[in-house]
Amino acid sequence: MLFHVDMTVHLPSDMPEEQAAEIKAAEKAYSQKLQHAGTWRHLWRVAGSYSNVSIFDVEDNEALHRIISGLPLFPYMEIQVRPLCRHPSSVRDDDS
Amino acid sequence: MLFHVDMTVHLPSDMPEEQAAEIKAAEKAYSQKLQHAGTWRHLWRVAGSYSNVSIFDVEDNEALHRIISGLPLFPYMEIQVRPLCRHPSSVRDDDS
Amino acid sequence: MLFHVDMTVHLPSDMPEEQAAEIKAAEKAYSQKLQHAGTWRHLWRVAGSYSNVSIFDVEDNEALHRIISGLPLFPYMEIQVRPLCRHPSSVRDDDS
Amino acid sequence: MLFHVDMTVHLPSDMPEEQAAEIKAAEKAYSQKLQHAGTWRHLWRVAGSYSNVSIFDVEDNEALHRIISGLPLFPYMEIQVRPLCRHPSSVRDDDS
Amino acid sequence: MLFHVDMTVHLPSDMPEEQAAEIKAAEKAYSQKLQHAGTWRHLWRVAGSYSNVSIFDVEDNEALHRIISGLPLFPYMEIQVRPLCRHPSSVRDDDS
Amino acid sequence: MLFHVDMTVHLPSDMPEEQAAEIKAAEKAYSQKLQHAGTWRHLWRVAGSYSNVSIFDVEDNEALHRIISGLPLFPYMEIQVRPLCRHPSSVRDDDS
Amino acid sequence: MLFHVDMTVHLPSDMPEEQAAEIKAAEKAYSQKLQHAGTWRHLWRVAGSYSNVSIFDVEDNEALHRIISGLPLFPYMEIQVRPLCRHPSSVRDDDS
Amino acid sequence: MLFHVDMTVHLPSDMPEEQAAEIKAAEKAYSQKLQHAGTWRHLWRVAGSYSNVSIFDVEDNEALHRIISGLPLFPYMEIQVRPLCRHPSSVRDDDS
Amino acid sequence: MLFHVDMTVHLPSDMPEEQAAEIKAAEKAYSQKLQHAGTWRHLWRVAGSYSNVSIFDVEDNEALHRIISGLPLFPYMEIQVRPLCRHPSSVRDDDS
Amino acid sequence: MLFHVDMTVHLPSDMPEEQAAEIKAAEKAYSQKLQHAGTWRHLWRVAGSYSNVSIFDVEDNEALHRIISGLPLFPYMEIQVRPLCRHPSSVRDDDS
């Protein structure tokens, strides 16, 4: 089951650089593990911003929440979730 | 080059059903041709709405505009475009 | 799997009363069938408005979209969907 | 009498973890007591966010305010209240 | 129990004047009957607009909805409802 | 002359409790004095929020500004002012 | 007593030109009479829009409402009213 | 050439009172000098808020920017600029 | 003097195609004449929308308003105007 | 390929002046280098604000993101990107 997720990062301007670097490294590892597992199916940067657009393939809402709320950057992000389903005009087998 | 496009359809409530059916059929054919060509890379329905999320792979802004403004439903849609680029944490070769 | 859905009805001011009555009757029948089936788990009117708040219990996003887009009032509603999951502080067994 | 309440938590980024844990524990106890009493009738997490959707069953507006303003997380939440009433199409006896 | 209600009227620009006059007369009669009964406790015009601010004193949400949805202008109004309660600094006995 | 005023309080999360208590006590005294004088004609709490709705009866805009900008909580409030006048359907003599 | 009023005109696209011309002529006459009387103290066009900014000098809210709601274009305008008062730094005697 | 400028002041809640007083005094002197010169043509307080509405008479956009960005309170203000021009119904010679 | 103008076209869905074509042809001629005169300095299409971004070089606000309000599409456009001036970091002689 | 970028700067009010001066100097050098290279094609200040409007001429979205995210002021700016293309009515050869 697919979900479309918009994430925008807002780090507090007084967070020490070292701490920021640590969180970002943890975020990258977390994200790549889920990408390799096929759960985090697509991940794009929105050009010109500190935002991404992601497609998650999860079992249910419970799983989606576990993954998103576990993101190391979760406390610093503005997040919007939209459930997706197959579009009647889609020709791709793997977009659902 | 990838673009993220949100489209929401607002058909006038007094449009004859036949005309609506015709436009939708033309839209479907137009969309599927572009999907087969690899230009309209992803197409999802947003569950519970008359909206879709699409990823286009085009040569440049010019091409993107030609495709979107050529959509049979173009005059009846609210459209938001965001340029995408490769995310530094992405592990997929075909997401850029 | 639960979804929270806000619906607000905007009937065109020039819709004949008879047609409006027909759509509303169909909506009521459609809704009650789904309520009896346990799919439309809760349905409340927001006091002072032509809006409702609903909780749906469906198998997946696909099923949610089929149900919402099949609503007789669907073309005349503003709809907002939010996926729900069990709250860690919840004590109710049937709220997930 | 039922009320629909949306709550989103915004903890200050410089709140000590210990203090946050204490407030959350108090919030959980407070919420569960009210759930057992039947006052806090439903409580769901909105997937992918630090938000919940709640249904309260109270005597009057006064009681609603006493409960919400007494929440340990009250100073850190964005809250939206909507009064509910029985929907004319509802088939459930306990949704009013 | 008190509720604060904002109402703004949007009559369709093609409504015949006679029909508009009829609805407004019905609205006035409806409103004055409820004012005399003490249910519609306050009614003010917002200067420079076709809007009013009202305070209703009703038994519960059900009663509030019955009254508001019964307004002759109901289909043509944008309405916002907020539940009120006694303010801890209030000195008036009849403001609750 | 009447004015409708919405006030929502946002105290900085790092304000010492003692200071907050002092400001609130001053606010209460200030408000009650004006209520007894008939200037602050109505004061309600919006249920579930740290907001109030107030009706002021003042000589002119100048007087309104003097009163509002003199509120001990003024620097910490979001405030919206709307001028009121008698509604043509009002039956109350003291609502203008 | 001064009020700041923003007005933006939205004429229905199907209003006959003759009717529009008539309303605009009536509006101009109405406005100029009030300007000569000193009631409509300032009137500016916002460059590039069908909007104006006005300053009214009236006795009270009642008078303001009578004037604005009497505008021939009133049913076709979006209007925002803000009460003004003398600024503590003002050096002009006639700006209050 | 006239410009309409809305300014709302947001002083940081932790700014020392002395520093705030100094900035405000500088702002007042700056403003009064420009008023005497005829450049800052009108200045009003919006009743009930820490906002003003101003009319500037300047040579060009360059001059407007120099004046606004030089305001002692500039870093603490939310500012909206709208170019004005003579209204075709205006009867005042000095409103353009 | 430069102005930045955003324009978005909203043609009524029931405008006859012939009339639309006529207005668009007139708009094109009008625009090109002003471009050749150096007044309409830049004109870009926003990709994927029926919007443009324009830079006008005019004598004053009066001239800007005359040009924009004379656009054949003016009654069908949403327009936002922002005055520009030379940026202190600009290296181009002709960007002011 | 052209992009339209709106940037508004929000420096934290507690940033030391020296640090702000340093960042601004770096921003200026960065910007001028890109202007000389033809990549940052236009740069204007929006009068009365700490905002600019820019036109970038880049190879693709990737290049745009590299440039914008490399801006010394990037962490302190609100940024909006819109892809541009040639307008069918444009007469300028160098606006595409």
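Order of writing sets the labels: A, B, C, D, E, F, G, H, I and J. Residues in every chain begin at 1.
What we mean here is this: a residue touches a chain if its C-beta (ideal position, glycine included) is under 8 Å from a C-beta of that chain, and two chains touch if they have at least 3 such contacts.
All values reported here derive from a predicted model rather than from experimental measurement.
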{"item": "Fewest touching-chain hops separating chain D from chain I", "value": "3"}
{"item": "Touch-network distance, chain C to chain J, counted in steps", "value": "2"}
{"item": "Pair joined by more contacting C-beta pairs (A-B or B-C)", "value": "A-B"}
{"item": "CA centroid of chain A to CA centroid of chain D, Å", "value": "27"}
{"item": "Inter-centroid spacing, chain H versus chain G (mean Cα positions, whole Å)", "value": "22"}
{"item": "Multi-partner residues of chain A (at least 2 other chains)", "value": "2-3, 45, 47-48, 61-62, 64-65, 81-86"}
{"item": "Every chain pair in contact, whichever chains are involved", "value": "A-B, A-C, A-D, A-J, B-C, B-I, B-J, C-D, C-E, D-E, D-F, E-F, E-G, F-G, F-H, G-H, G-I, H-I, H-J, I-J"}
{"item": "Chain J-touching residues of chain B, taken from the complex the two chains share", "value": "1-3, 60-62, 64-65, 81-86, 96"}
{"item": "In the complex with chain A, residue positions of chain D that touch it", "value": "11, 13-14, 45, 47-50"}
{"item": "For the chain E and chain F complex, residues of the former touching the latter", "value": "2, 4, 27-28, 31-32, 35-36, 42-48, 52-53, 55, 82-92, 95"}
{"item": "Chain A-touching residues of chain J, taken from the complex the two chains share", "value": "3, 5, 12, 15, 61-62, 64-65, 68-69, 75-76, 79, 81"}
